[in-house]
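Here the chain labels run A, B, C and D in written order, and each chain numbers its own residues starting at 1.
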Amino acid sequence: MEKIKIGVFGFGKTGKVIASEFLNDNLFTLVWVVRKSHDDHHKYASRLLGYEFDAGEIFTGEDIGEDFFLERPVDALIDFSDSTGIYLYKRAAEAGITIISAISKYEQEELDLLKSFAQCTTVLYSPNITLGINVLMVAAQILQKIAPHADIEIVEEHFKGKKEVSGTAQKIANSLGLNVEEHLNSIRVGGIVGRHEIIFGMPNQTIRLSHESISRAAFGQGAIFAIKFLIGKPPGMYTMETIIAEMFRQNIPVY
Amino acid sequence: MEKIKIGVFGFGKTGKVIASEFLNDNLFTLVWVVRKSHDDHHKYASRLLGYEFDAGEIFTGEDIGEDFFLERPVDALIDFSDSTGIYLYKRAAEAGITIISAISKYEQEELDLLKSFAQCTTVLYSPNITLGINVLMVAAQILQKIAPHADIEIVEEHFKGKKEVSGTAQKIANSLGLNVEEHLNSIRVGGIVGRHEIIFGMPNQTIRLSHESISRAAFGQGAIFAIKFLIGKPPGMYTMETIIAEMFRQNIPVY
Amino acid sequence: MEKIKIGVFGFGKTGKVIASEFLNDNLFTLVWVVRKSHDDHHKYASRLLGYEFDAGEIFTGEDIGEDFFLERPVDALIDFSDSTGIYLYKRAAEAGITIISAISKYEQEELDLLKSFAQCTTVLYSPNITLGINVLMVAAQILQKIAPHADIEIVEEHFKGKKEVSGTAQKIANSLGLNVEEHLNSIRVGGIVGRHEIIFGMPNQTIRLSHESISRAAFGQGAIFAIKFLIGKPPGMYTMETIIAEMFRQNIPVY
Amino acid sequence: MEKIKIGVFGFGKTGKVIASEFLNDNLFTLVWVVRKSHDDHHKYASRLLGYEFDAGEIFTGEDIGEDFFLERPVDALIDFSDSTGIYLYKRAAEAGITIISAISKYEQEELDLLKSFAQCTTVLYSPNITLGINVLMVAAQILQKIAPHADIEIVEEHFKGKKEVSGTAQKIANSLGLNVEEHLNSIRVGGIVGRHEIIFGMPNQTIRLSHESISRAAFGQGAIFAIKFLIGKPPGMYTMETIIAEMFRQNIPVY
């Protein structure tokens, strides 16, 4: 079987881990990496990450000319850079390359651009692309409908240095119609990678759905999961949450 | 609106709590209680449970003659007695009364009888009728399909005196195709009412679904939930799990 | 061995559970109960609580004349009434009866009165008298000294109806020098009896100390624990926390 | 202030992390590393770990001649190699260098050798040298004495690939006199770094002490903690557990 060809935008802390996940998985070939800085220009991401083969030649934004995506074709482009990365890959979308963006926050203008790409190709945008968080989000919304009288609270725990409230936790709160000020509790201690818990309290029972991150590689696994799902799907805008919701629908147990 | 008329089989520790739940809920009238012993014959369950009104006259098995269910009609019959209770309410089923059985374990013969009732009326049978446990069971089966490579372990915690392995935990294990010997961990300490946790371990993330029981009243609430669902449904055999699975289907978020 | 004679102030929800704990324990005799209301005057607490023997005759405040404590002598008096109960048992203290008060909050005047009793007898005052909470408090203070750079957060979970922040959690925060506004997180959902968790976050590891209440009987067990400890101790003011700290000292493992 | 000079035995997965912890901490100078393989001989550990300065020259066992420890003096030697490392540093002990061994398992002969070193210098041996695990162990032993009737269970969770039962959990079980077969529950799923929980169940309350590992750097921090404690202490055999027990003693709250 031919391997799925991948390009990655972003080679920071998370970008490197994402590249490694693709390098580790035989289903994929990492063709190139685009990064902001000029460091390691034309070197191979694979070598920098300790592999003994050449893969993922490193480019910078300025290298992306008219024919970049035609000369170095990929099946999917994963963006873990920043909100401006999007301005560089219009042609990729036009060429039908699947776009997966895990950027934390876009301005409206950027979001509109991303949506315009969705007319030509499959575009997935999710700030948190891990399987687990999206499973939690979908399950929580269903549970809220099943037990509408349950009181719901969200607890998120992260390392001391994380200043802002978890965007993921805010998104969960919004999806459940919960006021963030009142029902979202943030714990900041030590080196906790990330933990989200949704508590459903009923008079005689308590249900807890929790997700603990062990490493950033979960983002890479989420991207891999998404690419596999998007293969053969019609152009359009997707999110991890809609994919997971669809998978819930397909997998409800039959008795 | 006319109240829903209820009969209860069983007036032990759990039966009493179940009766109380129906006495507390304005949607229902507790018409009678059938218990094994002759204690408190013809007294009112309501009075014995500290209420200031008459409801739930207490009968014994021998009182159930040919016309018992016609003379004291109810809409639903809840059975928290034991596996032999079923032999007393064939006529109830024939009269179209909804049957809800929460008996722990039936012999095949009894199960067959229960199924025969399902030709005349709606019959629900679930050894654990709480909302939360069934939500956990359905969510876990879906999650296993979405993340087939996740390692799964079940932990159940109960009070020291509980000798056997939790039947609910065994049922969860079976529904996930897990070997009980290998993947079910039983903790027996102090006075823990009941806690079940299903752990999904992936290389970079861990998902935990947990359910903690606070009181037996959760069983009564489960019965109330089931009755509301079964109203107007066609005759047939139901379980809490199938009801919850159906509610999952109806409540998958749409974007 | 002669039984330890007990008098209880308070016969509300908690007071009844406390009386039951003493009725259940062969080491003790419940001699009397003093309650505010005139209900059940001169009846036996034991009978009202479903026991088949007479114990714990019920009195009201007005019954406590000059000789009450001489005519109905007890070894220890447990106060689960309210902050005014203290004005009724000055003579008990003078007679050398051990005083155990679990009142939530005293005015300064009342606190001074309580302290004056400590000149005649052993007096223990702890708003939360459970073994577990006090173990948590002492262990947390030690751990903070051992790992002074750890970030500490407190999470307390209680039933939805509990309006105020847990006094116990506030006390824990104070004992650790933590600002309550910043480091105390209150979860209010469903019917959770009570859960306190102290999280110590370090860069590479997290320690959690947690306490879950199952029933109010834990207060009775705390009182029993305290009485046994106080027997033979010199007059003075004690708290559960000081007793537990002393037991920590006595039980540090020797290698 | 003069820095504390450190030598490290072992440069595997854990050894590298330990070396990094010393390189990161201004209180210390990493003088050398001794590793089994001949890789990177005479290179600097600092450079291999991505630092921009020279520290921690790499030697192999054969380099350790008669004068190694005199020519390259250190204040403390940390051994994360294997059980045979001990045969190489007899002269270090004789020179009064503090020895810290975190080897998983020694044969009796090796243990005897280690003990003989303790006549000349301070020797600490603990297979698990993290602060948190030792705090848990000491706290659990005290709590067992305070609440002798509590039922105790241990749960340890680790990544799927860990075949054996956690040695740390076994040590905890032994210190509490618990049968490992009956009271130690091992969960093996996904990528969990390491979690130990000790559950104390009482009829009306449950106490849980838990420790979660985030990264191996906790071992380095444990070594740093131990070195600071051992400075100025008399020669003898120490363990992390005895140090932590001593710190418990020194830090019991006074009221």
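Everything that follows uses one rule, which is that a residue touches a chain if its C-beta (ideal position, glycine included) is under 8 Å from a C-beta of that chain, and two chains touch if they have at least 3 such contacts.
Since the structure is predicted, the reported quantities are computational estimates derived from the model, not experimental observations.
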Show which chains lie in contact with chain A and also with chain B.
C, D
Quick one: superpose chain B on chain C by CA and send over the rotation angle as a multiple of 5°.
180
Same or different: at the chain B/chain D interface, is the fraction of residue numbers used by both copies above or below half?
same
Counting a repeat as over half of the contact pairs in common, which of B-C, C-D or A-D repeats A-B?
C-D
Quick check: how many Å separate the C-alpha centres of chain B and chain C?
38
Which integer distance in Å separates the CA centroid of chain A from that of chain C?
51
Rounded to the nearest Å, the gap between Cα centres of chain C and chain D is 40
So which bits of chain C are touching at least two other chains?
190-192, 200, 202-206, 214-215
State the interface residues of chain C toward chain B in the complex, per the touch definition above.
190-193, 214-215
Chain C to chain D touching residues, read off their complex
130-132, 135-136, 138-139, 141-143, 145-147, 175, 200, 202-218, 221, 239, 241-242, 244-245, 247-255
Considering the complex alone, what residue numbers of chain A touch chain C?
150-153, 155, 157, 159-160, 185, 187-192, 199-206
